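Labels A, B, C, D, E and F are assigned to the chains in the order they are written; within every chain, residues are numbered from 1.
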Amino acid sequence: MQATAVRNIHRADPGAISTLERLGVSTVHEAQGRTGLMQPYMRPVWRGARIAGSAVTALCHPNDNWMIHVAIELVKPGDVLVVACSSENTNGAIGDLISTSLKARGVKGVVIDMGCRDAAEIEQMKFPVWARAISAQGTIKGTVGSVNLPVSCGGVHVNPGDVVVADDDGVVVVPRLDAAKVVKAGEEREKKEATNRQRLLKGELSLDIYDMRKALAEKGLKYVDGPLD
Amino acid sequence: MQATAVRNIHRADPGAISTLERLGVSTVHEAQGRTGLMQPYMRPVWRGARIAGSAVTALCHPNDNWMIHVAIELVKPGDVLVVACSSENTNGAIGDLISTSLKARGVKGVVIDMGCRDAAEIEQMKFPVWARAISAQGTIKGTVGSVNLPVSCGGVHVNPGDVVVADDDGVVVVPRLDAAKVVKAGEEREKKEATNRQRLLKGELSLDIYDMRKALAEKGLKYVDGPLD
Amino acid sequence: MQATAVRNIHRADPGAISTLERLGVSTVHEAQGRTGLMQPYMRPVWRGARIAGSAVTALCHPNDNWMIHVAIELVKPGDVLVVACSSENTNGAIGDLISTSLKARGVKGVVIDMGCRDAAEIEQMKFPVWARAISAQGTIKGTVGSVNLPVSCGGVHVNPGDVVVADDDGVVVVPRLDAAKVVKAGEEREKKEATNRQRLLKGELSLDIYDMRKALAEKGLKYVDGPLD
Amino acid sequence: MQATAVRNIHRADPGAISTLERLGVSTVHEAQGRTGLMQPYMRPVWRGARIAGSAVTALCHPNDNWMIHVAIELVKPGDVLVVACSSENTNGAIGDLISTSLKARGVKGVVIDMGCRDAAEIEQMKFPVWARAISAQGTIKGTVGSVNLPVSCGGVHVNPGDVVVADDDGVVVVPRLDAAKVVKAGEEREKKEATNRQRLLKGELSLDIYDMRKALAEKGLKYVDGPLD
Amino acid sequence: MQATAVRNIHRADPGAISTLERLGVSTVHEAQGRTGLMQPYMRPVWRGARIAGSAVTALCHPNDNWMIHVAIELVKPGDVLVVACSSENTNGAIGDLISTSLKARGVKGVVIDMGCRDAAEIEQMKFPVWARAISAQGTIKGTVGSVNLPVSCGGVHVNPGDVVVADDDGVVVVPRLDAAKVVKAGEEREKKEATNRQRLLKGELSLDIYDMRKALAEKGLKYVDGPLD
Amino acid sequence: MQATAVRNIHRADPGAISTLERLGVSTVHEAQGRTGLMQPYMRPVWRGARIAGSAVTALCHPNDNWMIHVAIELVKPGDVLVVACSSENTNGAIGDLISTSLKARGVKGVVIDMGCRDAAEIEQMKFPVWARAISAQGTIKGTVGSVNLPVSCGGVHVNPGDVVVADDDGVVVVPRLDAAKVVKAGEEREKKEATNRQRLLKGELSLDIYDMRKALAEKGLKYVDGPLD
């Protein structure tokens, strides 16, 4: 199944995608039991974006961005392009031309386990990209990989059609079939956090809100008055 | 003395703290003989803040932020919370809820040798955080550490009550009892630098201002006219 | 030829420098056959600058910035100061005073394979610096190196007078005698990219613009309709 | 499906495992189209071992090795234990006691995306371990993960029952259902390499054995006599 | 108190040192509550040594090993020399000459948060060194630091006279006044581990030895029979 | 001058090469004024070798080892093959087949700023290789680079014919025309070190041998008797 491009994939429910985008990476990551988070080396090329969409996946080889071009034909508006690489590589496999094309075709952003170049232009056009590095180093079109097969990106397994959520905190992947469940858990968490935020703003302590004092004592925490010096 | 939370600590002199904050990390670091600087992996979550305050110290374990909650009760307005970790860890041990609580209680900022999440929200609320990483990865509340005992954070030993100064250049720690001396040395340096800045602005050379030519010659520096190619 | 400062160097053609600055790092790097790019750890201290100029080179030793002071006397307006280090070091060898002096003397920016401090001040004065790290750690003036001899900086060999181009994508070095040739290749690339950008904006596919379909088939790429799950 | 331990898994064919072990990581990686290789940070704790076996997978959390204990009950002789972690962590989650237990139960070795401790003892007992780090830092038993669900380890997706091959070159994963095909391709490669090795030993050139001269000329390689200096 | 060399220090009890050496890093680290372990980048220059001794501390500056020479005069037989550095540096601050001298004076080994050179010679003379890097890069004698003042080395605070234990697992520091207590806890742990090792060798499960099944169930671990695919 | 292979190069004097090999990396590095040392990430694939020879240089692209095959034809017995890469890459560009061929043609070893695979076989055949990483990841033959043009490898500029010295301490490059001078300086250093080694073995202090006490006092080092605690 190598050297294969899959034309059609199941995509996630647009309503679920929309809610997951609003919830953001940290809340979604919590809501699905602290799984699916890419390694923290996956950083936004520019700060301030938050996106979610169905993953179109591409597997490239180091120094080679050929399969991104293949993927561009297979995306649909609202998708997020997820680019994995068969070994560690920081070459700039995406730049302003590819970003222009993806944006023209309605893609919401790119998550790429390689490098990104034309960082200034990409920031100007406000096209969201998360990458392993910023590097001008160019790539060739020499080796065939895959599009819309499962990939490992940023240390996370991504199936085509999974929901990818990305913001300043990083990138999290929600399996397509879990999306509804994660939406529900995330909205509950959101409500609870809103309540707690109000209480914390008023100066209440998390020790009391979450009722931690007894557990701390049982684990052996001792208070002393001090100062000790 | 593990598993201990110390309620009261000596804090540094407010006047000294205020001056050290104005002087900033690089000047303070020079003024105390180039000591006390945390490793350069300690970076601001957002750029542009400069703070100083007395350190309230917490020691957490990897994947665990329990002692931060204990520390929140023990801080006073104007403090800086310093969070160390018993081994390398990038989990997001602080986020917008903890930041909200710390800000509500008057804490000036956080220096944490773990990860930070909710980076966008923390930037919006302009709460200053210096961290080892930005990561959405959540933490548990399972293991007891300490609050207000000495810790090693970013490669520097921090006693509770030491002055922590942080800005875009990093984080420097001034032992509480040295603060007055460092203030004095820093202000002298500040004056000297202001004078030198004016001279440099006019085009004078540092070679002349600092009288380096003779020492360079003694060390063997030769000038040749060139070009050599 | 160690411990030598060369007063005069050949500088690159101002017209070529001006065009290379406009083209930017990624285009220049492509135009000279994907060579001359510094490692991606060389990052701008602040985002948004783009400069080019003739290289004045300095070789420092770790924890020592003495030769930068020697170099300041030998720069001319429009130059870029390139600072190499004889071993890995992140100390803040350049700060706001040196930046003030270099700016006063007309230098366009600094590329330094060591650390930079006073990051906030340098951003405020809009003086462009690319560095390996931001660190307040100070340096001494104890060991003599060289000025305007060839150096290795960011993994690239730099001769004095070579054109250094730097922007948010990193730093690329164009050998002085190749500058005219690279300008020509870069301008051709620029035109071609402008045309392609227009076609991509209209939704055309790079697969068609660059005529890739046949080559992909020859390399064995198979399309399947899917979905596979 | 979190917090689940699966008692029974399909295991790979013993004959295929045995051949893949003999072929070793580099040959197997080539034979399956250069896929399935873990990141190069996965290094042997001691050099000189080569193993293969069916993967029993465990997902731990940072600073926590609880699920390894659960996995020990579910292994069978000849298995390889693959331990993933939900975020970056170098704590020593396996040491000589766990190694003693795994060895007693017939496990051939461990591949762990966390740290390993008791390195000297593990080397003395010749129990093969590949890890991200060597670190004495202990772990707790506080959070439940999974056993024998799919995991991402060293950047590679591993299904329980996949064949894991590990030696001084690193770790490669062969999907269970591909094992026969990879065995066949690997044995062919092995034969071809043996022939080529003999020819190279006699001084023949790879340029001729692989018939590269024409392709090099077509790609534009020019020979010049030199010397150039 | 900078620029100071302290001639006499309290040293730890020889009996305690001897036992801590036998117990080794991982056991000692556990016995003192998982504290005091240096970061895992501190690695042995050659594998197979295990030492313990009272710390003589030196603080050097990057690219400078002057204070090591000062420390050599102040060591006593059985000591371990601990060298910290005021900022990140990998220069080879210790080589075969310094090792020869330290060995001649009875020092058991060196723990240095800088580089080490002459690695082959140091291995041949079986002088134990733990370092941040192996590098031939030489150092100067230009800046004064301290000897026998507290330092931060490998992320751990070390007071002169503390017990330093080092082996293939890394380096752990036991505060001098805690040594007796840690010896006791370590010996208890050693006994318990010996018993458990015998039970594990016979094939007993840690799940049963440590009685984990109930806690796992309470935390929600579910067993399913499988296979799932 | 890209895409060029130069057939003939000037080689260094065999006598000089032989002496530089005996002196080893650290002494040679000192003898030429602490220049020419590759970054410490360049590590031996196996420990215990020491080689020197004239550099035959190859420039590869990431994921591509084609130019190594071109270089094999152009080496002479006694040469050292130096492989640079146009961007950061850890792919295993050299393995046992290439090593077999190079050894058959009399090459003394390889220094490669990419990865190495077949580490166990290469250690068995005792063929010395220094590399950036060990990785099984294969490479393609798709892009033309150069042979026997100047390259940057491990952060050092290497001209074909320069003397490359490599051992457990790393890799140092001596410009061909400086070899005689470095030999002389190295032999003097060797003699001086032999004398000093004898004095240190007898327990003399480097403080006295190198007469450092006065300089230390002038720089402000104060001795205090202690203990301070």
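Convention: a residue touches a chain if its C-beta (ideal position, glycine included) is under 8 Å from a C-beta of that chain, and two chains touch if they have at least 3 such contacts.
Quantities reported herein were computed from a predicted structural model and do not represent experimental measurements.
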* Asked: Listed by label, which chains are in contact with chain D and with chain E?
  -> B, F
* Interface residue identity across copies chain A, chain F - same or different by half -> same
* Indicate the whole-number Å distance between the mean C-alpha point of chain B and the mean C-alpha point of chain D. => 42
* In whole angstrom, what separates the CA-based centres of chain A and chain B? -> 30
* What are the residues of chain A that contact at least two other chains? -> 34, 37, 40, 61, 86-88, 90, 135, 137, 143
* Looking at the whole structure, which two-chain pairs count as touching? -> A-B, A-C, A-D, A-F, B-C, B-D, B-E, C-E, C-F, D-E, D-F, E-F
* Parts of chain A lying in touch with chain B, wherever the complex brings them together -> 24-26, 29-30, 34, 37, 40, 43, 47-48, 50, 167-170, 172, 193, 196-197, 200-203, 205-207, 210, 212, 215-216, 219-229
* Which residues of chain E touch chain F in their complex? -> 3-10, 66, 69-70, 72-73, 90, 92, 95-98, 100-101, 104-105, 115, 117-120, 123, 133-138, 141, 143-144, 148-149, 159-161
* So in the complex, which bits of chain D are touching chain B? -> 61-64, 86-91, 135, 137, 140, 142-143
* Asked: Quick one: in the complex, what on chain A touches chain D?
  -> 2, 33-35, 37, 39-40, 61, 86-88, 150, 152, 155-157
